[in-house]
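Below are two complexes that have chain A in common, paired first with chain B and then with chain C.
This part shows the complex of A and B:
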């Protein structure tokens, strides 16, 4: 069942209403909750970018941790060594992430697919982490880099409320851009490649170029998230970009819903907010995390987004296929 | 020096061989790569730790019990969690394996907290000196045990009907079903054998290293690197790839830079996949339309 035009108008209103209402969030929640919410916004972007490659393009590529680290380090290095203001480093981090995406897509274009692609991109992420540890003069080694305290137009960038507004605006912009991209002919080609690459090529669609574009967009979004992360924690060090990071974002994609933008948002919200309560018990966080993923895989293979779709047709994404 | 490094490389490589081989056993029969395998290895080591150190069971019966326990765990995992999601995307399998690995790691951390546990050495064999070459008791124990286990494994494959079944299922699941092989049950068994062999690796490494819940992650990568080098899906390739990996880690660490030990496996993965994706002994996959 497709949504009617009235429902579509309602959906557009809803899309802008939610962030508009969120503008009031810093006034009603305490600083700790706001810090968590800022983290959720970052994870929304990571999941969005990751889902773009594994959900929409359908490639089992695990390089998003690499993109994330590249983005965070680009931002940190550009602010500390080059003295750029943080806000100016966001596009820089995005572009660096996109460059990482370009490298990862080279592997996919070499015919390395499925598990091979998963393993080589995993290696890419770990090699980057090795570089962070050993390129001490630039990255600070295992000690990492701490971000300078800055102000933007008179507002302190160490204030979580200021961060929240910047993060929110960027998240809305990137979510909207991703939705538009998916609706464009490029997005449709991306999903055609997922369904059948050879058939797509036979229609005259340059599949290689499509794969490169998808990886680069994924890298751009996740790279931007990395830049936000650098400001969020005020401190960038190699351990933040390890296997744990990868698994968390992978779980967010699946729990939210593979190939669904709404799913990326839901997955990030649910899996950041819930484990936060279990942080103080060693092991519980992992156990809980594993169990929730198993439960979703067994009972709700299309993710949480499919629950909402069942609830109302306004949540059906037109380019999405069950 | 060279010989000394080769021996410690082989003893590391022997463990990698068990890990890579157990990954391959599962991959060959189910075409699933177990991304949670490192945690199965860790779980095997922990079960043997509980039995020997906490309950005072002797090493050998403890090791046998741990292997049986992990075999059953693998069997139940396949039956209870992999079969229900069959037919879904491969990404689902990958995440299911990771999730189960997470649960195992979580349990290990709840019980042991964030401590690092030393495992007592099993056999206090004195090191053997040949010229200025020193072979530690542990190295002899690991290499010896692995050789015996691998010999048994390959003998079963080469000489018994089970070996023929394995080959049949690998070539065509449907064909195997047609000639009366219960493929579902066969796959469950493959998971069980895979988990048990991974556990053997964990049990062997436990006495020479420290135990902690995150032990598995590095073994998973080493296993992948060995499989990639040997050729994905090739059984003897996995063993040879593992030995080569163990030795080259030692060489790279000693002759180039000790920081390279950590990333030799990653470099091998990237290099092999870009230059010769089917590895040393694998078959080139041809895309058919």
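This part shows the complex of A and C:
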């Protein structure tokens, strides 16, 4: 069952209504809750970018932690060493992430697939972490880099409320851009590569270029998330971009729904908010995290997004792999 | 339009109440204290460092509290992760609304949360994380209640040079900030005394063999080795040192290793007979002077397996309670901070060195003792051959 045109219009209204309502959030929550919400917005972008390559392009690539670190360090280095205002470093971080995506796509272009691609991209992430540790004069080494305190239009960027509005705007823009990209001929080509690369090439679609574009978009989105993370924690250091980060974001993709934008959002919200809610019960976070991943894999193998699709056709994403 | 936007922005940004009150976290009969530690994750074992402080607070509460107020500790997990630590500290400050903070074991987390705590203005007594940068440059509300990395690093080098005829010193360390916080000040002290390390080596975390490093050390022929390594890697290093017949060279380790635990790990006294560690206490783990403190911890935590980490936060807890008592019943954050700054030469009865805070210096403990095996027994030393 596909959504009717009226339902599609309602979906569009809903897309803009939710962030509009969220504008009031800083007025009703304390800085701690706002800090968590800001973290969720960052994870939405990380999951979105990650899902773009493994869900939509169908490549088992795990370079998103590398893109995330590249984005965070680009912002931190540009503000601390070059003296750029943080806000100006967001596109820089995105472009640096895209460059990382370009490098990561080289392995895929060489015809490396599945577990081999997974290992190579994992190694790429670890190589980047090695660079963060050892390029001490640029990255601060294991001590990391502290972000300078800044203001934007007279408002302090240490204020979680200011961060929230910036993060929200950027998240909405990048989610919308990703949706538009997926609906474009490039997006359809990306999904065609996922379904059958050889058949796609036989239609005259330049699959290599499509793979590079997908990796670069993923790197751009996650790189921007890295820039937000640098401001969010005001401190960038290598341990934040390790295997644990990768496992968490992979779990978010799986729990939300592979290849689904809605799933990326749901996975990030659920696996950030609920473990945080359980932080007062030592040991429960890890237990919960494991249980929810197992439960979703057993009961909702297509992720939480599939639950919403069952409830209403307005949540059906045409580019989702059924 | 611009004016409307300005009005809207000002409305949004003034809607939240201010949290930094002088008496936030106080009632007539309680003082809320936020305690941060890595209760989960890879560094969860460091949460033992908060056990002593919690037991001391239980003891004070049993004796009637401070001016009739019970000390209520609210624990938050940092998992030794800056983002998680930031969430935890924001919860303590803005949701639980604690009067002060005490604790934290990981320097990376402490450095990340420092701006938040400094801006919020509530007092923070650091109980375990040793990096100097947490309390230097000085913040009005942040105090270091244990020897910092530089104090420990200098104490390590002082002990090394107190051994007669020590001229050739090798350094082996992890390539992380924790290791550098010990080895850099040690290196500086050696240089002040005209000693340049004869070997500067790295052993990465998780390395299971130290042969390459040992062979380089053998070439350098050191009189003493400074090892800024975690406990697991220290055990491997000492094991391999013995394997190559070099266990007669004394090795100076950090406060991140425990003498007795290291012995347990290597399982043979001969391997650790020349191993020395920074030891911030007046006695060894099983010694008579630490026993009352060990009994106190056991009373409130019967299942606690005591290690030197278990005692790490007691000294700073004593300083906190002293200042709370001195501040009187009309406690505020400002008069508590003022009383902390009056603490002068406080003999805690557990730390090897006294605590002194001044208005300009919030790093309260300036030195540390050393522990090593003397005649097969763990012994606390002031310098080479001199018992504490």
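Assume the second predicted complex is superposed on the first by the 315 of 322 C-alpha atoms of A that agree within 3 Å, B and C clash if a C-alpha of one lies under 4 Å from a C-alpha of the other, contacts with A are read in each partner's own complex, and residues count from 1 in each chain.
The definition used in the following text is that contacts are C-beta pairs under 8 Å (C-beta built on N, C-alpha and C of every residue); 3 or more make two chains touch, one makes a residue touch a chain.
Predicted model, so just to flag it, every value in this text is computed and none were measured.
*Asks:* Which holds for A:203: it touches chain B only (first), chain C only (second), both, or neither?
*Replies:* A:203 sits against neither chain B nor chain C.
*Asks:* Could you say whether A:282 touches chain B, chain C, both of them, or neither, answering first, second, both or neither?
*Replies:* Both partners, chain B and chain C.
*Asks:* Report for A:21: first if it touches chain B alone, second if chain C alone, otherwise both or neither.
*Replies:* A:21 contacts neither chain B nor chain C.
*Asks:* Under the stated touch criterion, which partner chain does A:258 make contact with: chain B (first), chain C (second), both, or neither?
*Replies:* A:258 sits against chain B, while chain C stays out of touch.
*Asks:* Classify the contacts of A:33 with the two partner chains as first (chain B alone), second (chain C alone), both, or neither.
*Replies:* In the superposition, A:33 contacts chain C only.
*Asks:* Which holds for A:6: it touches chain B only (first), chain C only (second), both, or neither?
*Replies:* A:6: touches no partner chain.
*Asks:* Look at A:134 in the shared chain and tell me whether it touches chain B only, chain C only, both, or neither; answer first, second, both or neither.
*Replies:* both
*Asks:* Once chain A of both complexes is superposed, is A:298 in touch with chain B (first), chain C (second), both, or neither?
*Replies:* first
*Asks:* Once chain A of both complexes is superposed, is A:247 in touch with chain B (first), chain C (second), both, or neither?
*Replies:* It touches chain B, and chain C stays clear.
*Asks:* Which positions of chain A sit in both the chain B and the chain C interface?
*Replies:* In the superposed arrangement, which is not itself an observed complex, chain A uses residues 134, 282-283, 285-286 for both chain B and chain C.
*Asks:* Provide the residue numbers of chain A that touch chain B in the complex, in ascending order.
*Replies:* It is residues 54, 60, 107, 110-112, 114-116, 118-120, 122-124, 126-127, 130, 134, 198, 243, 247, 250-251, 254, 258, 281-291, 293-294, 297-298, 301 of chain A that touch chain B.
*Asks:* Spell out the part of chain B that touches chain A in their complex, as residue ranges.
*Replies:* Those residues of chain B that touch chain A are 33, 35, 81, 84-85, 88-92, 94-96, 98-103, 105-111, 113-114, 213, 217, 221, 224, 228, 232, 259, 262-263, 265-267, 269-270, 273-274, 277, 287, 289.
*Asks:* Going by the contact rule at the top, pick out the chain A residues touching chain C in the complex.
*Replies:* Within the complex, chain A contacts chain C at residues 26-27, 30-33, 35-36, 39, 133-134, 141-144, 146, 149, 155, 158-159, 161-162, 229, 232-235, 237, 239-240, 276, 279, 282-283, 285-286.
*Asks:* How about chain C: which of its residues touch chain A in the complex?
*Replies:* The touching residues are 9, 12-13, 15-16, 19, 39-40, 75-77, 81-83, 86-88, 90-91, 93-95, 108, 111-112, 115, 119, 133, 175-178, 180.
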